[in-house]
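Look at the two complexes coming up: chain A is in both, with chain B in one and chain C in the other.
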Partner chain A sequence: MNDGRRAEPGAGGAPVEPGSNLIRLRDVSKTFQRDDHVVHALDALDLCVGRGEFVTVLGPSGCGKTTLLHLVGGFELPTAGTVSVDGCEVMGPGRDRGMVFQEATLFPWRTTRSNVAWPMEVEGVGRREARRRADRLLARVGLRGFENAYPSELSGGMRQRAALARTLAMEPSVLLMDEPFGALDAQTREAMQEELMRLWQASGLTVMFVTHDISEAVFLGDRVVVMGVSPGRIVEDRRIDLPRPRTAQTRTDPRVLEYRAHLWELLARHRAASDPEPERVP
Partner chain B sequence: MTSRIDRGTMRKVAGVLIALAAWQSFAMSSGSRLIPGIEDIAIEFAGLALNGELADHTLTSLSQGLLGLFIAFSIASVSGYAAARNWAVDAAIHPLVSLAYPVPKLALYPLVILLLGLGWESRTAQVALECFFPLFVHAHAGAKAVAPRMEWLARNVDASPWQAARDVIVPTAMPYMLTGLRIAIPIMLIVTTVTEFIGDSQGLGYLIARSASYFDTASAFAVIVVLGALGLLGDRLVVLARDRLVFWEKGASL
Partner chain C sequence: MSDGRAPLATLREAPWIVSIAFAASLLAIWQLGAAMGRLPEYILGPADIVAATFDQIHRGELLDRVIPSLRRALSGFAIGASIGVVLGLLAGVSRPFRELFDLTQAFTHPIPKIALFPAVAIVLGFTDPARILIIAIAAFFPAYLNALNGALGVNPGLVWVGRNIGASRVRIFLQVVLPASLPRTVVGLRISLMVSFIMMVATELVGHSDGLGAGLMDAYLEAEYGEMYAGILAVAVCGVLANAILLLVSRRLLSWQGAGGTGHD
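What follows is the complex of A and B.
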């Protein structure tokens, strides 16, 4: 729909018509001071993500893809350029942009239900109502029957489902996912990807999903944004023309192989040209 | 499972019995009146327990010690938390604490007596002074131990500082604070006892000093046994509290 379309100069604060870009990064640079030298995590980066679009960000370690997500989340501010969501410049974190971290960040001292209810409690929703909504969200992510389990009693995949449910409890319009399935075994990961597709299809959420897994990027994304290292920048913005809704059958589509081969080659070329920087850990 | 626990318990009991037997044979072979046998200690213990003296002095020592510990815990928790969360507070407090930590605080006791007199106030203050340091260090470490991801989560959810403290930081710091408490309890007993050697005629420390001045070592040991039992009891209570309060950290020992 809107891929590749750049924000017009001065268009940052303008009202947004439906179906247009929800997330805009304009000329965004981010540098970090590390000991005695400056690290250019991102350099003059432009990116737009349409409302309801699922964009995967693919790149090697140290390409700044996590930094990109943190900028949209408002956890970090750009050194130069602007990040705006829904026409408003991002000045800090907000409940409209829900973050899902690589490791499920659940409170070990709360039950699954209580973890999911937490964002609603913070918002001032009554305890009983929050619990009722939490149960509904848990059912949505396939955790019915585990409401009273503690995170230590859940598998890695289940913990990540619970974390997703908790993020959805904020009722965000944007979902920022930072390699959420990176720590899971291959089978669980595929199941989670299919689950996420099912959830997203019905939600209207805009998603930015960071991964270093090519198959994952292709399977999930409407677009795959490929990033290169030092400095972090976008080297390709690829539309993925696979039918929706995507299911397990999608994986056997011959175009998947083509996309994967192309992206693999691209990444290999850019990896060879780089001196790797350690990935910034949140 | 139970048999294994029983075996562990039996080993501990056996260890204590061997130590007691060694003491008893030492006492009997030495022939000195200053080294009492276990039966002498038991008799003195019974005497002190029956005339109510032991209970009175235990109550005095414990109330002073626990008050001091409570004061130290309160101040250490608040200041440790504040220092961990705010760099300006940290800059104000932390260097001072680091500097004062290795100083034997008992060296200050004569000054504390000058300020507060020889009564319970100076002893309580001395206990608080000595217990503050391990409690502060652990409260500080605990409040610092919040994973960055948890902090980001709190920011993402837009939790107020109060909500973040109650729901994220305090639960994270809890195991650390209990560890601090576990270290502070024996210190509380030590300082209470030592300060009671001096001045007022109250408390278990006073009882030991009095017995020693009459060469009544059996009584002194009877009181020492009580002190040991109190220390053990306090320690077990903290461990029990930890199992209840920090149930999610299974298998982690203090």
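What follows is the complex of A and C.
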């Protein structure tokens, strides 16, 4: 469970974070060299995410929200500051932090079952056992009957379900989701959000979910972290007091409208304040 | 009017009819020209070429030429293409590797490989190893360049998934980069195979040799035009068959791409 991470000085590998924070970013900055100028993707950012919490990160293009996710995932390292998960500094990717990408990055030459079984095979689980567990995970995300289908035969929503199942196969404690429903049509997106709520409720997973969709951020999150551009920074960290479990009925709650109006106004103000810079993609 | 629409609709549904009709009419015009004695003596009609080919097969001469030729072409292809694929994929995943080869590749690629044959012959003579070496060098480049571009074009997200899962570099190379580059790599292999056949004939034309290329040269020197055209036909048939086998294998390997995934043949 320690791959890609290093115990903080004096921590001895044991969790030493106070309270129940699982993810902790302290004074994190990230700059990129682009041509002849330096891009400040993130500037002196502080953020804590509690164990089992669902945090949505909302912001316009270029606010560094994807970079933020990549830092927690260990795919990029901060220019300054520290990122730690479960008390250990993040030094690289690891199976404890499962990433679900914008585009479902399924292996097109593997069947759905084989895609989901792969993380377990890499870990050393026997082929038969891995396939059995893969089938169970596929049933959990509603893909029973599509075990032998290739990704090219699945719809966009089904591909994201399969990608989620493959990420869950790593048995992560943190789920990092980078606009996973961004490419789906509105109806499929809402159905996927509701299903994600159902899955998460039963899982105890800690989730960081990046989106630029205000409704999505409000519907899913315990907290909505709003980011602004140039440099990328947190402009508001708002708790969403909507009852759990959240279902289709939650969408009709009058408080949803209030949150949305507030966040919309906040984003509009910060968008007007500065020119957006292109979002960095992997 | 309604009578005229039905055949057109049929043609749209079965465009291969047009293909066959076009080829058949070319052959028919050719044959007609030959039958009317309008062609020069060194251009035989299709019927005469087929007859000459069967005659050669019956005498066992054609097979005696085909076997050494295929041995050279396929050995050269196997050596050159496999080295090309391995180095191309490695260069695709490793920047230092890529930069190591880049300049050398850029300068050597434009050389017509047959131009190297005399230089190789100084050391090896006009021998089989020299011919196979030239074929291998020529087959190397399309395999290398396409494998390289295949590996460079791999969706980085797939590699990130591998890193997230904790797969080793070797495993990511073998189980992610290799299959993801396969469609492009196979395109390179097919070009390499065609180039191997071209170089097979070209190297056999020079020096004392056996094989199809040498047969063409002998037939030219002896003005045996039937033999010459039989040789050309044999080269064509070998090339088409080898390409068909490679295509069949690649379709199996790339079956996950679904219908139409292998592009135009």
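One rule holds in what follows: the second predicted complex is superposed on the first by the 264 of 282 C-alpha atoms of A that agree within 3 Å, B and C clash if a C-alpha of one lies under 4 Å from a C-alpha of the other, contacts with A are read in each partner's own complex, and residues count from 1 in each chain.
Operating definition for what follows: a contact is a pair of C-beta atoms (placed from the backbone, for glycine too) under 8 Å apart; a residue touches a chain by one contact, two chains touch by 3 or more.
All of these numbers come straight from a predicted model, not from anything done at the bench.
Participant: Should the pairing of chain B and chain C on chain A count as a clash or a fit in the superposition?
Facilitator: clash
Participant: A:153 contacts which: chain B (first), chain C (second), both, neither?
Facilitator: It touches chain C, and chain B stays clear.
Participant: For A:203, is the partner it touches chain B (first), chain C (second), both, or none of the two (neither)?
Facilitator: It touches nothing on chain B or chain C.
Participant: For A:108, select first, second, both or neither according to whether it touches chain B, chain C, the two together, or no partner.
Facilitator: Both chain B and chain C are touched by A:108.
Participant: Regarding the shared-chain residue A:79, is it in contact with chain B (first), chain C (second), both, or neither?
Facilitator: neither
Participant: Residues of chain A that sit at the chain B interface in one complex and at the chain C interface in the other, please.
Facilitator: Overlap of chain B and chain C footprints on chain A: residues 73, 75, 92-95, 97-99, 101, 103, 105, 107-109, 118-119, 122-123, 150, 152, 170, 282.
Participant: Report the residues of chain C in contact with chain A in the complex, numbered from low to high.
Facilitator: Per the touch definition, chain C meets chain A at residues 155-158, 160-161, 163-167, 171, 175-176, 179-180, 182, 254, 256-258.
Participant: Across the complex, what residues on chain A touch chain B?
Facilitator: That would be residues 73, 75, 92-95, 97-99, 101, 103, 105, 107-109, 118-119, 122-123, 150-152, 170, 282 of chain A.
Participant: Which of the residues in chain A come into contact with chain C in the complex?
Facilitator: 3-4, 73, 75, 92-95, 97-99, 101, 103, 105, 107-110, 118-119, 122-123, 150, 152-153, 166-167, 170, 282
Participant: Inside the complex, what are the residues of chain B that reach chain A?
Facilitator: 147-150, 152-153, 155-160, 163, 167-168, 171, 246-250
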